[in-house]
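Alright, structures below, take your time with them.
Both complexes shown next keep chain A, but they swap its partner, so chain B is in the first and chain C is in the second.
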Partner chain A sequence: MSLPRYAARRALVGAGQVVGVATVVFVLTEALPGDAAVVIAGDQPDPARIALLRDQLDLDRPAWQRYLDWLADLASGDLGVSLVSQRPVAGVLAAGAAPTVLLAAATLLLLVPLSVGLGMLAARREGGRLDRALSATAVGLYAVPEFALALLLVAVFGIRLAWLPPTAVGTGGDLLSRPAVLALPLVVLLARPFCSLSRLTRAGMIEAMRAEHVAHARRLGVPERRLRLVHALPNALAPVAQQLARTTDWLLGGVIVVEAVFVVPGLGTALVDAVTARDVPTVQGLCVLVAVTTVTVNLAADLVAFRLAPRVGAAA
Partner chain B sequence: MTSVIPMPAARLTRRGLLGGAAAAASATLLAGCGDSPTGTASDRPRRGGRLRAVFAGGGAQETLDPHLANLFNEASRAKAMFDKLADYGPDVSIRPRLASGWEPDAGLTRWRITLREATFHDGRPVRAADVLYSYARITDPKRAFRARASLELIDLRGSRAVDDRTVELALRRPFAEFPNVLAAFGAYVVPEGADAFDRPVGSGPFAFGAFQPGRSLLLKRYADHWDGAPHLDELEYLVANEESARINALLGGQADYAHDVTPTTARTYAGDARVRITRMANSTMQALAMKVDRPPFDNRDLREAMFLLTERQQLVDTVLSGAGQVGNDLFGKGYQHYADDIAQRVPDLDRARFLVERAGARGLRIPLDTAPVASGFVETASVFAEQARQVGLTVEARSGNKDTYWKDILTGGVLACYRSGAMPIETHISQRLLSTSTTNATRWRRPDFDALYARAVSSTDEQTRRQAYGDMQRVLHAEGGFLVWGFADFLVATSPRVGGVSAAAPANTLDWARFDKVWLG
Partner chain C sequence: MSPPGRRHRTPARLRLAVGVALLAVPLLVAVVGPALAGDAAPRGRPFDPGGAFGTDFVGRDVLRQVLLGGRSVVGVALAATALAYLVGVPLGLLAALTRRRWLDELVMRPLDLLLAVPSLILLILLAATAPRGPATLVGIVAVIGLPEVARISRAAALPLAHGPAMEAMRLYRETWWRRAVGHVVTGSRRVLLADAGVRFIGALYLVATASFLGVGVAPDAADWAVMVDRNRAGLLLQPWSVLVPAALLVALAVGVNLVADRLLADRDAAAGEGAARDAGSRHGAAHRDAPGARVPAARAPLDDGAAGPAVAAGPPTPPVDACAVRVVGLDAEVAGRRLLAGVSFTVAAGEVLALVGRSGSGKTTAGRALLGEAGPGVRLAGRVEVAGRAVSPATPPPPGVVGYVPQQPSAALNPVRRIGAVLREVARRHTRPERRTPGGPSGDAAARATVTRRSAVRRAVADVLARVDLPADREFLRRFPHQLSGGQQQRLVVAHALLARARVLVADEPTTGQDSLTRRDVAHELRTLADAGMAVVLLSHDLHLVRAVADRLVVLDAGAVVEAGPAADVLAAPRDERTRRLLAAAPAAPLAAASAAAAPALRVGDLVAAHRAGARRRTVLRGVTTAVAPGGCLAVVGRSGSGKTTLARCVAGLHPPRGGTVGLDGRPLAGTLDRRTRADLAAVQYVFQDARPSFHPHRSVLEQVSRAAVRLRALPPTRARDAARRALGEVGLAADVVARRPDRLSGGELQRAALARALLAEPRVVICDEITSGLDTVSRDRIVALVDRLRRAHGLALVVISHDRDVVARLADHVVVLDAGQVVEAGPASALLTAARHPLTRALLHPSETGAGPVTGPRP
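Take a look at the complex of A and B:
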């Protein structure tokens, strides 16, 4: 299959997936106990007030009608307004996306060279000292959950040593206004993806270096350095690309734990707030954004894998 | 009008370390600084600076409409930018604010209110018309503002502006406690015609600067405030939903004031020079709500057995980590009209067992509704279950959905964890304990009790009112549905640079989360 045809087919499937996700999320949100009116009423659940709120928020209409309206608006590019604040959902998404995208981009920028580089180094001498040290570190680090690592780093570097700001409080989402606040969240976000990607690169390289075509190239006298970079690496990177896609996806969804500990007002926080408030249009908007991101990132990864090792891509 | 009600996202914690005596101790804390070394607040107010206060927030859903204020940070912001005609003092009695005074007619149905000379941030004077407009907006039948239930008593069509600084409010029925209404939660005065609050204009001590919903709000000193201009030049509200993040921001020098911290935090940093804890005693009533209209708690003996089996000090020590005081099955300890002449109930397990036996309830399984909707609820349920076991009752904790908890327990179940912030005792009764109350979680409906209430609020005689409040509380103490086991302190952490934070302000009262009397350095 040609690359453009493959891409077109996958894009079409992706669009269907986004609508599917939106539908499932709508059904699930509706299935949650209580609605925005109940949440707004809080501990003053006067039934008449709840009824009035429900009427005001247009929650009286059947769920399927509200869903179809929302879908029609979506088709024309309108994500609607928040049930609670009446501000446009698009604004909420943009505000939440800025810090999330920044963190994701910075993480990836460090992650790829770091993990691929160290993975390749470890693969040079399988079982060597460097390999064993890297493996031990990677497995150990991978075992630490994000929130534990985050709290630990804050306690040590933020509070005790006071080398770095413990939270991003006060930046208002503009993390670049004080780049130091990025340091600790970046370390946490890097930790586990670094482990899995460096391990994958290492394994891929070792396997590729044993492959027939590399052995053939070696017999032809291709220098070792060229052998690794040109002949082995592309094959080793196909699984890495797909793992990287999963990581990117995870980062772009807003890593809630990291956002909560460091007070980064990103997409994860926005989603938690919206679900708590039963703000259905905002929940829907966020889920569509996340679904589109997921589909796009995975499509890109598959296309890269397709390019790197066509047989793998075609089989997928 | 109720307590400041955090939406479920907001972490609610008002506990502390040392119990009752701590409040008095912290009250003197700020005054005791003496010659201040660098970095510690002086005991005299200082002008200038920007105070950064970090609160739990409501995300992108936050609003600056003072009539919609719901969360702690929204309540505090509303207080900074707007004024009410009256507000709650430290004992939850009513203090005049924008109103300089009020005078009812002999029938208690027409109240003449005199306004202070005050101006909005844009320079316009605060007039009677602004008051009438604000109250009309709040009570608009098509909208659902929180204060509407309290203000509905006002007949706006019969009310009028006598002149710019005098407003005459007509009531639908005689009501001696009308000033309570003027101080109702969310009853703020906004300029006539104001309906959008993207850039709010109020008459409060701070004027609007910049707003990012769920992130920050910057306010600026309003030099012409009628109650004296603030000491601070700027006040910045920041948001951190996790309590640990709030205290970390304070420790890291990213904030000067962290609202609502846990007793564990207070204990951890007790000896830390970077943190100062202020305790506001009597802030939150902690209770169990028994539904008196259905089995098993329609049985008076069983209710009394519940009162007597409760080891209150143990609940205070465990659930509140000692940061609070025991309750006496009555709301409003330390507030105006509180019946402190009623003896404190102490555990009497023998009598409790006898009453359980007499009610035929031995071995009875009683579901206790709880949810992680307020701090300590889940712990309360497990500690109480243990206590009930000793008299032969099997109380089983049943954890519900935190987002819908209050609605669920209003009508469902038989026994539920309950709490309330500060409000006048009259308000507590009218909202929760009358046949007509819309949030009557104990289903307490007694015509004779309603009559006592009616006598209290329709009498011009202070002695008659006091007597009626006392009688009502005696009935509730003897056989009511609220088992009030304690009152929790509300805890706030500040940097030592911050001065003037009042400790004598239960949550929801005027001086709580108030910044115009606070200074830096």
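Take a look at the complex of A and C:
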């Protein structure tokens, strides 16, 4: 199968996934059994507030009609109005996007060269000092929840040693105004994905360098450096690209936690606030945004993997 | 494991110890803590540093909260993991076991959708709409873990649920319980257990993070993660209230991960060793399980005049200059086992030397020594000279001088690079750059040099591709290796060698698994290369190929040269008994078609079958009609992909046909074997191409074979075992051999056991699907003789699928030739073997055209 055909088919599946996730979101937030307004009103069921909610969410109309309207609005980019601030949800998201996108982009920018590079270095000398150090770190850090790591780092570097600012309070969401603020959040965000990606690169490189086709190229006189970079690396990168896509899942979770710990007014904070306040349209909008991001990233990773491992794509 | 792995075994053990220690503290606190916590003391001031760890944000004693707070994290994570397994494993197994595609989709698609949502978002979303409490959290975390568990179960079970072992069991209608639980669940058990650690880590992470974000638990609960969140404000005043629970959580996570990682590694190592042992016992050459580091061979410097030891019948040595390859007294051993003993030979430029011998006789070790390579742990000694230079693992030949075509040429081709890019890269390395003008080239001249260089490279590639009969157009050069046929891949590897100006080519079993037309091309190609001045070393047990192309022959047995000389002489008059045995492929006269007039035992009428590839259907059989007389033997021949195996599988009921009939003794048989009666099932038995995967690894061969008698002949287990023992004895397997598990038997032994299993059903028809491909000549002859004997003894009708002329000549009385799913010729074997009408039949079956020289045509 050619790449464009594969891309088209894969994009179709992705669109289906987005609709599916949107449906799940809608069902979970609005179409639950019982009266959604009462659930949303929460612990203080004030009749006036319930009536207001009913009105705002159109709860008097059947669920399927609301669902179709909601989907149509989504398609045209209208995410509804926040129940709390009464501002359009799209505006709320746009306001919180900057710090979150900055954090995610900076993490990815550092993550790929760092983990691929170190993984390759470790693979060069299997069992060497760097390899063992990397492997021990990776195994240790891999499972640590971000919030615990973040607070330990804050306690040591932010408070005891006072080298780095412990929170982003005072930047007002413009993290670049004080770049030092970024240091600790980035370390926390990098920790888990770095572990998995560097180990995967290492394993992939070791396997690829043992492959018969690399031995064949070596016999033909291809120099060692080119063997690694041009012959072995592309083979090692296919699983890395896929794992990188899965990393977005962690990254999104990590961003929520990091924003909570370092008091960054981004999308993660907005989500936690919206959930606490049961601001249904905002939660829906955020979840759809996240779903679209995840699906897009996975799509891109699959396309990269298709190019890197054409056989797999042909078999699928 | 590789030798360096041994070195860091100590750190690995240290890591495990650290992991256990780290794990012990939080677990102990979580389990024993609540009992030690005692009653609640009156609240003090918030963030008071007094006492062991001071007080928290509402003035509660931190020590007491810590002691109480582990239970919920550990308990919820454990319960969630258990719940995810309880639901996910059966779902995954169901999806894997079902042969109904829609059911598989129905189970897996919604789970895939769930996977598309980031887990923490899903958790927040679910928690926001459900009542708070530990039970909710358990449910949510289980739901999030569910898709992964189901996917892994399905992936682990899938090869087991549809592999040859499962098909073999269906052939004797094994009970559902034994198939699903005894085979699939047992087989995937280890993967699932090892994975449980990883799942638990994931659950732990989610539970802790959710609690930290205040999702799912009460905001004042005694919980480590909640404590970290709530006491954050006092990080400056009273750091213990945050650091102690955070440290416990970190210790828990790191500890579990270290232990799980160790367990996974041990499992992988055990699997690896098992595979290595398996490979060793199968191929006789224990390359992989050799302990010890790769030691460069200590080689004794030998004078040119010193004769190689132990080669009495060595050929007269040509003068040094003419020798492209010269091997004197080559020894190889691995872990004290000898692979080669004093092997000497020479190859001149323009000559084809064939190293022949059974599998495991040391052919490959000798061939790789020419490349200056040795398997892990293999020590070489002796002298190897290529193009006048001494070669050893420490001093490999100059790049490109020795070309190597591995048995599977696809392995030598980089799967992710276009073939043109690689060809040009090789050409660039070996095309001499233009001489630079000493005064430093001007920009213009340099650019012109680059252009001429590029066109020279392109020309070199085109020339070489033309030499190996491959197209050189842009479309072809942009292909990936997997888009080439096996024959094209092989020629592409040869093209690499030619581009690198190789003077010696080592070809390792170039015809294994190829049909006879491709085999003829290979013979032609090797001959052409030699005629162009290349020294060709052919490692093979394909005697037709050897006869067709070899100038000289070296016969290896157990690592020693038993005979050497000009090919024609050795083939015509072998002096050594072992050579005679190797060459004795003389077909016996096939059994006369005694009952040609009788009604056929098996009749296939107008059979149509298709394979589904994704959404498309590809028809592979288009109206095939044939029949087998009782006691007769039908050979089905054809090129690879002509539909031979599909025909056999349709007859056995393993592949439901789209149209046509399969009839036994005049009665129609159901299309799938699940719908056949027990008697019909027993009457048609099928023996797989590769015997090993048709047994499952967990129980002894005897036990597995005897199940056929239990299920198809309704014998009680003890009598079935006796019958099985008799059948296994009949195929020449001793009682102590069959009491072992399949991984302790060789490929030939397992093929015998598979024949015994088929016989035990007391069939009328036995289908043998390429059962000798991959076996060397001697093993092949033994199996063929056995099949012949069994068929006479039991009056079986045989259907033999083969592309081996010798097998067909020896067994068949009737032959059908398939091409693209249609019968192109059918008739008595005697006629088709010597005087076929269709060119394909002639190409496949006629001795003169498969490459056998006039010296040793098939003896009558």
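Basically, the second predicted complex is superposed on the first by the 271 of 316 C-alpha atoms of A that agree within 3 Å, B and C clash if a C-alpha of one lies under 4 Å from a C-alpha of the other, contacts with A are read in each partner's own complex, and residues count from 1 in each chain.
In this text, a contact is a pair of C-beta atoms (placed from the backbone, for glycine too) under 8 Å apart; a residue touches a chain by one contact, two chains touch by 3 or more.
Bear in mind the structure is a predicted one, so any value in this text is a computation, not a measurement.
Once the two complexes are laid over each other on the shared chain, residue contacts for A:298 go to chain C alone; chain B is not touched. Of the two partner chains placed by the overlay, neither chain B nor chain C lies in contact with A:7. In the superposed model, A:84 lies in contact with chain B only, and not with chain C. Of the two partner chains placed by superposition, only chain B is touched by A:273; chain C is not. Residue contacts after overlaying the shared chain place A:139 against chain C, while chain B stays out of touching range. When the two complexes are overlaid on their common chain A, residue A:74 makes contact with neither chain B nor chain C.
In the overlay built on the shared chain, the residue A:49 is in contact with chain B alone; chain C does not reach it. Contacts of A:169 after superposition on the shared chain: chain B is touched, whereas chain C is not.
In the superposition on chain A, A:159 makes contact with both chain B and chain C.
When the two complexes are laid over each other on chain A, chain A has residues 32, 39, 151, 154, 159, 166, 260-261, 272, 276, 278 in contact with both chain B and chain C.
Put simply, chain C touches chain A in their complex at residues 2, 4-5, 7-8, 11, 15, 113-114, 116-121, 124-129, 201, 204-205, 208-209, 212-215, 225, 228-229, 232, 235-236, 239, 242-243, 246-247, 249-250, 253-254, 256-258, 261, 371, 373, 396, 398-400, 402-404, 406, 408, 411-417, 422, 425-426, 429-430, 480, 482, 493, 496-497, 499-500. In the complex of the two chains, the chain B residues touching chain A come out as 2-3, 5-9, 52, 54, 58-63, 70, 142-144, 146, 148-149, 212-216, 236, 238-242, 244-245, 248-249, 251-252, 254-255, 401, 403-404, 406-407, 410, 420, 431, 438-439. Those residues of chain A lying in contact with chain C across their complex are 17, 20-21, 24-25, 28-29, 32, 39, 126-127, 132, 136, 139-149, 151-152, 154-155, 159, 166, 211-222, 230-231, 234-235, 238, 248-249, 252-253, 256-257, 260-261, 271-272, 275-276, 278, 283, 286-287, 290-291, 294-295, 298, 307-311, 314.
Residues 32-34, 38-50, 52-53, 56, 82, 84-85, 87, 91-92, 95-96, 151, 154, 158-159, 162, 165-167, 169-170, 172-173, 260-263, 265, 269-270, 272-274, 276-279, 282 of chain A are the ones touching chain B in the complex.
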